[in-house]
Amino acid sequence: MKKFVNDPKQFVPQMLRGIALANPDTLRYVPEYNLIMRADAPRQDKVSIIQGSGSGHEPAHVMTVGKGMLDGACPGDVFAAPPMDYVYESVKLLASDKGVLLLVNNYTGDKMAFEMAQEMSSADGIKVQTLFINDDVAVEDSTWTVGRRGVAGNFFVMKAVGAAAEAGADLDEVVRIGEKVNSVTRTIGIALTACTPPAKGSPLFDLGADEIEVGVGIHGEPGRRRAKLVSADEIVDEMLDAVVPDLPYTSGDSVALMINGLGGTPISELYLLFGIAHEKLAARGIAVRRSYVGEYCTSLDMAGASLTLVRLDPEIDALLDAPAEIAYRVF
Amino acid sequence: MKKFVNDPKQFVPQMLRGIALANPDTLRYVPEYNLIMRADAPRQDKVSIIQGSGSGHEPAHVMTVGKGMLDGACPGDVFAAPPMDYVYESVKLLASDKGVLLLVNNYTGDKMAFEMAQEMSSADGIKVQTLFINDDVAVEDSTWTVGRRGVAGNFFVMKAVGAAAEAGADLDEVVRIGEKVNSVTRTIGIALTACTPPAKGSPLFDLGADEIEVGVGIHGEPGRRRAKLVSADEIVDEMLDAVVPDLPYTSGDSVALMINGLGGTPISELYLLFGIAHEKLAARGIAVRRSYVGEYCTSLDMAGASLTLVRLDPEIDALLDAPAEIAYRVF
Amino acid sequence: MAADVGDVEFVVRVIAQSAVENEIYFGDLDSVVGDGDFGYSLARGFEIVLEQWDTLDRSDAGTFLQKVAMIIAGRIGGTSGPLWGTAFLRAATVAKSRDVIDGPAAVEMLSAAIEGIKARGGAEVGEKTLLDALVPVRDDVATLVAQGLRAQAVLDSAAVTARAAAEATTVMQARRGRASYTGERSIGSPDAGAVAVAVLIERIADQWSEREAARAG
Amino acid sequence: MAADVGDVEFVVRVIAQSAVENEIYFGDLDSVVGDGDFGYSLARGFEIVLEQWDTLDRSDAGTFLQKVAMIIAGRIGGTSGPLWGTAFLRAATVAKSRDVIDGPAAVEMLSAAIEGIKARGGAEVGEKTLLDALVPVRDDVATLVAQGLRAQAVLDSAAVTARAAAEATTVMQARRGRASYTGERSIGSPDAGAVAVAVLIERIADQWSEREAARAG
């Protein structure tokens, strides 16, 4: 395993400590619960927003805490939902008079931990609601499945609810906005390599030198099918064919287009994909009005990318446009 | 080779097109010269700043063009200095009454192309100066060597001269600032894997599963020596021992600390390194006042990281603090 | 109404130790079509159980199990924390209502655990989860206990049943948990949770017989 | 004062074609201690020379060489563009001053190219660059031309000299270019630029003899 790491069991805490040290004025780290929170939270005049999930998806979600986005993120270990105690204690620490919104990426583990924590904190008299994010079109969605996963599209939900909460919206309104953004957001992921969790020390699956996984999530599990590596043009076609008809996005739509790196793919390739997708969307009559190119929700060191579309309207556009200050930044 | 790419010869142009499409209001792409330039450049009331280098280092430098940083970046192919014509034509397109500053990362090829272009554009009556960046402590610096390389520390020089130029400083003043920042900036890089140039299709060197390269640059060439992979703590010690005594940085100094990913290393590991370095610097009496964690100057998909220190004073601090708007961004 | 902690404590300790010892193996099982963290999650949680072992309230079996359940539910991450925690919690509730933890009590505790897992995770038998090992084990144990067999005989049979049931998950398609995302590709390898159940029951049967031998010797 | 373009055109074409054909090989040479782009840079530049071949002004050898040099200097990236461009430019200047490109003219052109490379890149013989092939070749050619040998004999000897000189760079430590960053680790493999010079001269000698044979036949 080739990683910068000491004891793999300390991987998450040591990363969190780094985040806190890099943002001493704006963030606070509560080691007992793996919690990264805004230094000024909770504010009683604002809905508190908390997201938890496994680690290994950075910058999601621990690096998207800050003004205009999350109030707190309580990750579990790599690819493991946070223990219920962590969520419960985080909710208590961030409880606000205006209520608490829990964002959950609709995985069984996350769902159960957050549901249990919501039950317990509601019993304590805290006003809590939970919103599930499920933008991944690679997963079949039917009554007998666990439903779709939340993947890179979660960034847009976080951004929109963060902006709304910052502007003083009440809990119901924040939930309405989150559900609305989630409902117009769709993602598909493609992996070029498997990823290596620090505690495991070897790749999670074997992929031939000319093979790719189509429809991967963000936890290193294999995708829907294995395919031959093809050109960037063909990959973008495959991604768009999966995403566009799903909502569907139609001619005349304005969209945000995100090309998200899964961790091991350089931004040069992501911008290359972006340019191709932009032009192919234009050919379908879909106008890219907002662009997001980089890493937003990763799967450790996996090489690969996901493509996300969000159908824009003036309300969503304004929320995505609002300023935010988070640990994931350039300057 | 596992990359998102069509024809490798079109790798750079297609990436540049992506950058332009993602930033239609602020950037312009001039395909003839691989030039990404500010849409509002040249402005005659402001020094124009141009940086060129090989491609493969993204976000450097094509994604750092914009208000408060570069006016233009004209990259060559992957790891190859731009052809002299590209530089010359870029200088002509961006010529300003206040002059043009060329930033060069002190590699033989870049140096020669920029020197020739400067000669030719000076002959055309354009006011041009060149500033060499050479922050890499891994390279011996003596009269019979080619001198140190410019690596990730170039970000700080770009940022500072960009801020100064934006504020209206004249060419000599911008040069003074660039030289000053360069003189207090030092970097060391460590690679965990080799990188794969798209046109070559295979890794540039072989590295054993438990080996690392110490003192790598950003062009995929091997480093100063090969070593065994050790813990993150020990790697940070090795990096600090190379960088701190070189300037030297001493007890009482305030610094900017950058942990730069070389392309294939996820930000989780970078923040882990950052936290460790922050604490080890504190133990040496050196206070980290500004933090930069992420990818700033990469070597394609190489796994690895570099550590950069900049000694701060109020002038440098203010220039690094000034706002800038570039293609490399989160929102 | 306060059953002695004896056998319960013994079984929990074997489970905790085995979970820690099998961290890598369980993780590898979960990486075939899952995300590889199953072993890690269990091991970290049961490590805490072992760390706090001496301080756990053992005034009666029910209370003891409840303390263990709280650690598991609260401190194990992933899907396993809530599921295993709920299972232990439900078993604790049964234990609290008993004067002695005998065969029939064990059957009832297993049934309560199964219902808890179903309620928490929404899964049914046949969806390729640990239920596909646990339910056959409970049925087997119920039959043998009703027939009046001794604990060792029941455990030995349960171990065989669990192993066979775990292996039978190989041909199933996962409909719950992360493995379900891979659709038909989940067919062809056994479920990590079901195999873990088999390993743990085999270990309990084994250790039980060693304890008996030591007591006899 | 306007030398016929004949032989010069022939030699340039062989160089250009060989550079394109050897893209991968030259790149591999450069990836041992360099950054692997040498073959790519040369190939892209000489491709442009070949593309524009029919439109290049060939009124005389000097003008023709100058046009080629402008493409190389202006359009080849990396270190090689400025170095090779300067070399061709200096050779062009010599050619312009000649009525005919004979042996002595060739020696003078080689010398001018070498001086150009030294001036542009600051390297000297022994620093593991293409100069370590070019300078022995120039010396050898100068001697044989002075002895009055025919072109083919001179070229055949130059090819042998170039190859030996290129191989001799293996034991040198790079002091210029990107390879110098690796310090002592640059020892043990030949310099990519020097090997390229050997390959190109071998090819010129080869093609020259084929052309003679064709003319004779």
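Letters A, B, C and D mark the chains as written, and numbering starts fresh at 1 in each.
In this text, contacts are C-beta pairs under 8 Å (C-beta built on N, C-alpha and C of every residue); 3 or more make two chains touch, one makes a residue touch a chain.
Composition by chain, UniProt nomenclature: A, B = Dihydroxyacetone kinase subunit DhaK; C, D = Dihydroxyacetone kinase subunit L.
Values in this document were obtained by computation on a predicted structure and should not be read as measured data.
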item	value
Fewest touching-chain hops separating subunit C from subunit D	3
Which two chains share the largest set of C-beta contact pairs	A-B
Intercentroid distance (Cα basis), subunit D paired with subunit A, Å	55
Chain centre separation in whole Å, for subunit B relative to subunit A (CA means)	29
Rounded Å distance, subunit B centre to subunit D centre (Cα mean)	33
Touching two or more other chains - residues of subunit B	none
Subunit D: positions in contact with at least two other chains	none
Chain contact graph, described as a line, ring, star, complete graph or other shape	line
Every chain pair in contact, whichever chains are involved	A-B, A-C, B-D
Contact footprint of subunit D on subunit B as seen in their complex	9, 54, 76-85, 88, 107-109, 112-113, 116, 138-140, 144-146, 149, 197, 199-200, 204-205, 217, 219-225
Contact footprint of subunit A on subunit B as seen in their complex	2-6, 11, 14-15, 17-23, 55-56, 58-59, 63, 159, 192-193, 209, 212, 229, 231-233, 235, 263-276, 278-279, 288, 291-295, 298, 300-301, 303, 305, 320, 323-324, 326, 328-331
Subunit A partner contacts - residues on subunit C that touch it in the complex	27, 31-37, 40-41, 44-45, 73-83, 85, 120-121, 175-183, 185
